[in-house]
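Shared chain: subunit A. Partners: subunit B in the first complex, subunit C in the second.
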Partner chain A sequence: MANAAAFRVCPETGLKVCHHAEILIKANAVVAVVFLAIGGLFGLLVALTRWPAVHILPADLFYLALTAHGADVLLFWIIFFEIAVLYFASAVLLNSRLAAPKWAWFAFALMLVGALMANVAVLQGESSVMFTSYVPMKAAPHFYLGLIVFAVGALIACFVFFGTLVIARQERTYEGSIPLVTFGAVTAAVIAVYTIASGAIILIPTFLWSVGIIPHLDSIMYKVVWWGMGHSSQQINVSAHVAVWYAIAAMVLGAKPLSEKVSRTAFLLYIAFLQLASAHHLLVDPGISSSWKVFNTSYAIYLAVLGSMIHGMSVPGAIEAAQRRRGLTQGAFDWLRRAPWGNPAFSGMVLSVIMFGFLGGISGVVLGTEQLNLIMHNTLYVPGHFHATVVAGTTLAFMAITYLVVPLIFRKEIMFPGMARWQPYLFGLGAMGISFFMMGAGTLGVSRRHWDMTFADAVLKFEYPPAAFLMMGLNGISALLATLGGIMFIVIVVGSVFFGKPRDEAAIKRNPVIGPSGGAAVSQYGGEATFNLPGTTILVAVFFVSFVLYYFINWKYLSEVWPLR
Partner chain B sequence: MAETPSGGPAGDPQGERLPPMQLLLDNPFLLLFIGVAVPAVLYTIWGVMEVAQIPVAQ
Partner chain C sequence: MAITPPENRLWWNEPLHRMEIVWITIAFLWGVVMFLTMVYWHIAGQQNLSNEAYRVKPDAFAAKAEAMVARYKVREEGDSKIPVVRPPAGGDAYLIARLWEWWPILELEKGQSYRLHLSSMDWLHGFSLQPTNINIQVHPNYEMVLTVTPTQSGEFAVVCNEFCGIGHHNMLGRIYVVDRK
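Right after this comes the complex of A and B.
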């Protein structure tokens, strides 16, 4: 039974906060930020090496840094933070106790041990196989073992989340259906289970192969199953950061989704179809039919894209509806002009929505089209795309909600508020540049994962166009900007958590982080039930025009690669 | 079922038969089944079968 002494009532949201959930959210969030710092540093080294004028690392260290960067930011930072989001969206938003706190701690310990083990393996220099670790490249056995242990921990944490949903329902801690943010977290957890199962299916035999028990692994078989984990792990991010968008809009502005049913249906499309995008990494591989490739990357994934477009309209629509409800009704964009742009939680969320949609979303559809994929497959366009989704989309969204987590869960004032106001813009500008310039270089044919784009020591010479070198220089400058934004984030968060002023009643009155009815909006079922949204309609039209133009520009590129004569 | 602006789904969940879609969306374990079964069949199993059918080089 629930123990009343194990809860506190949040004075800002009015929600009951389970003590175990609160401590676990803090632990997972803190470790996540540590891995963001480590992985971000490796990312800077990668970018500076790929900048031809700087070219800072020798080849062996470049591949080591690239492997560490991928594992630390694509897996460890993101998934530790997502576990914190899952506990927040279940125990806190549903006013429930956390299921099996001891198992949750065990999961945390496994994830931490696994992440450290994989990092040690990479830093020892014998596991520079990059994030994908394609066979027959072989890493040290403890690299694979570390990933397996981490995945088992994450799986246990997902089931703690599902258990908490069951407890909340049984103990009737909420009425009706779960709120939309929790539903988004369910979506992330469902995709996580498929992701981790795929990882187990492929990483366990790979570990056995690395210790010599299994003599051979088929490389294409490996790629098919591995991408079930590798790409789907990024779909956990998408679901989680969309849930975070709704959460921030609700908490800061009291915004409710335009329609709960429509938004939940969009999440259902994610649950069924989003993982199928994994196939875009195999579009040029032999031995797999076009039916499999086209069905997974085009027909099925377009249903998930439909889900993203629904969210892309629903989130700004919810903000507009909430602002208009508060009287900001002049013209089409008064609600947007007078939004709280100085609040880093809000500005980070809006930048995340824009860049995820315009850069990550559109480029994802282009990459997923079998014919267009041929122009940029395995070029820098691919990391350009996923930096738009994972860095500009997910990381920025997670940074944004951290500005609410620190005052609400850690109960500390944000230190350096002036720096915090600018941090999302600087990091967002850097992330946008990284994505944009890598996609530009990729369109010009620059290969991904290559240490030296000048091919200085190659027997057969090859020269990329000068514009490609310019793109890589601008990518390096953007990486410096993003790093500066990342350092500002770490300084603000670490400073606030460890040295910040406690958030007492006077501080809450002086500097409220929750908007009017924000606590109810984030934790209860219900929509705005209005579609009087002229500003959002114009923004969505701009998005569609950009989408269509860019899509057809790429068909034009394709016609130049393979002219019909 | 009508959706209310601020509360839960309209109507009394105890006294009214919920539509099938609502039942689906309210059942996380059914969602878990769909989210694992659909990609497992369409991506993993179908893909593995195609790779397994590649003839072995002589």
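Right after this comes the complex of A and C.
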């Protein structure tokens, strides 16, 4: 093969790593982390402003920082990292060369230019329109243009990914079906194409409107289509971070999915149903019928939620089975107690699974229930929910896999291993606090995207209950913890990548990244069905009971508000 | 492993783990329960958002609100003389959302039903009734009509909870609920 010279063989996994793929993974991951740092800083400023005792920014800068925070972390950090995940899951896991590396670089350049353009627009101060940029509020034209250019870049990157899959198949670089992690990445990429198409359908007219070519945009039409991008892009994150969960469990513990069929079907449920979630944002809007809302908001009968609930069982199930296979068979939880809790890749992944499920998943279903949305819409409950999914879920999962990417792809030793050990816990605790306390404040009615919860300058007066102020203070403290965890992450990653010791053979022997039970040896063992998994059964039962209780508690809350019809 | 192709090339013929079958069944049924709960609440519940809405021009909506104010104003409040309006029980109550106020102040009777009309004059706004905690999105060019029955008396705030520019945090309205005389 002509490109044979452009590969190296990974001494730790035996995988052939395409040179182009490797550099592109590095470039996308590094830029992702830069945007995480910038966006995280804006997030801290937002949280400190919303902490009434601190209230650090003036109103205009607060709304500016909040817009920048949303764009930088929710779009740029996550999507740059996801592109790295896509290249990893295609070229690296399939032993293939990357399709069209020049196009991949072009995609990278477009994404970078678009992201910078949008940031400039926001920092100039004329585009503090929030991440959602609901019309008829208008931003500067280059705000929309930046997002469009970024999206086109991301779309090209998705097609490089699909092209790589085709090449790998044609050149027979793997046997049989693609790995589950790659399958999850395919799911993410398919949803990404849908998402970006929705984005184009709404952002291009919005751009034309902002320069005066189109006279009027309907605000409800905008919301329906915009959320076809806005919510679906969160489903890219779900697919990608679930794939990352499986990848970490496989690399660190040699975990196999309980059954390929179930896990893959769960991913297919995402593709089929997640797009309906645009409805989550229109549950209290005029002009939309209840039957449309009920069907769409529940992804038809909660079929995408079913997908997540399946992964929520099969990821811990796979870990438990792998651990039991290694002989940790005592009691229900010996396998969990004796898991590698000091390995940040593992601990970050587990915290991500737990918090995504318990905090993000349950709150998302409750929030997305047609009538329950009445007592939550646009309160801080909403950011509480999505910080549990996107920060505690996606971001923590991506941080976790970075602890594997640095040694395997950058081939550098992790610097400050003592700090790395604690980083996921600190960041996870902070993210949990942010989510939990914002949900608490939201339950008490506190508005999101609001500079002054004391209403000091308003003509009329109103005071939220004192507990809401307490919640916002605790939210600020949690944001400080998360920031500390984030800074530690960036210090570790930047330090390792740019100043770390190269990972030579001695280092690989001394400190293997691929767990002792991982690698090819494990795949010789028998089917997972031979094990009983009492630990996972208990965990799933606890989850289910919490879910049911919390769901009906909120119906109780709803039944106490003024009757409406 | 999840990062390698399935060892069994016919993976789709592998039997399922018993726990998987049980959990999938439970999770699916729970989805059905949650779906039916929303439907059930439409039949038996008291809190359902109206499907009644009309296209309306901001000027036309403002004219209706002003007509109501002219007819049912009971007093004015504050330095800016915001009218306090007491629409008849069972009647129409209009509330305008605009940068950056809710206009006028409504005075409702506890236990009576009102047809509350909401629309925006400019951008999107969020009707957030506190401390009751009812939250409704308000769009320009759409008039939403909901029938609401206050069950507590007292002073209620209407917070704007959709970001609407630099004065957003000062956009605070009021609804009084008084006991029947």
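Following the convention adopted for this analysis, the second predicted complex is superposed on the first by the 542 of 565 C-alpha atoms of A that agree within 3 Å, B and C clash if a C-alpha of one lies under 4 Å from a C-alpha of the other, contacts with A are read in each partner's own complex, and residues count from 1 in each chain.
Here is the rule we use: a residue touches a chain if its C-beta (ideal position, glycine included) is under 8 Å from a C-beta of that chain, and two chains touch if they have at least 3 such contacts.
This structure is a prediction, so every number in the text was calculated from the model and none was measured.
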item	value
Which superposed partner A:Asp218 touches (first subunit B, second subunit C, both, neither)	both
First, second, both or neither for A:Leu474, with subunit B first and subunit C second	neither
First, second, both or neither for A:Gly287, with subunit B first and subunit C second	both
Contacts of A:Glu260 with subunit B and subunit C, given as first, second, both or neither	both
Partner chain in contact with A:Gly176 - subunit B first, subunit C second, else both or neither	both
Which superposed partner A:Val365 touches (first subunit B, second subunit C, both, neither)	second
More subunit A residues in contact [subunit B versus subunit C]	C
Touched partner set for A:Val193, first subunit B, second subunit C, both or neither	first
Partner chain in contact with A:Met415 - subunit B first, subunit C second, else both or neither	neither
Set of subunit A residues, in rising order, touched by both subunit B and subunit C	175-178, 218, 220, 256, 259-261, 282, 287-289, 527-529
Residue ranges of subunit C touching subunit A (in the complex, touch as defined)	1-9, 11-12, 14-20, 23-24, 26-28, 30-32, 34-35, 37-39, 41-42, 45-51, 53, 78-80, 82, 101, 118, 122-124, 126, 128-144, 146-152, 157, 159-166, 168-174
Touching residues on subunit B, where the partner in the complex is subunit A	3-9, 13, 21-22, 24-26, 28-29, 31-32, 34-36, 38-40, 42-44, 46-48, 50-52, 54
Subunit A residues touching subunit C - in the complex, by the definition given at the top	59-60, 63, 93, 128-130, 134, 136-137, 174-181, 218-220, 246-247, 249-251, 254-263, 282-290, 294, 298, 301-303, 305-306, 309-310, 313-314, 317-318, 365, 369-371, 373-379, 444-445, 447-452, 455, 457-462, 464-465, 518, 522-523, 527-529, 533, 536-537, 540, 544, 547-548, 551, 555, 558-559, 561-565
Touch list for subunit A against partner subunit B, complex	162, 165, 175-178, 183, 186-187, 189-191, 193-194, 197-198, 201, 218, 220-221, 224-225, 228, 232, 256, 259-261, 264-265, 268, 271-273, 275-276, 278-279, 282, 287-289, 292, 295-296, 300, 520, 524-529
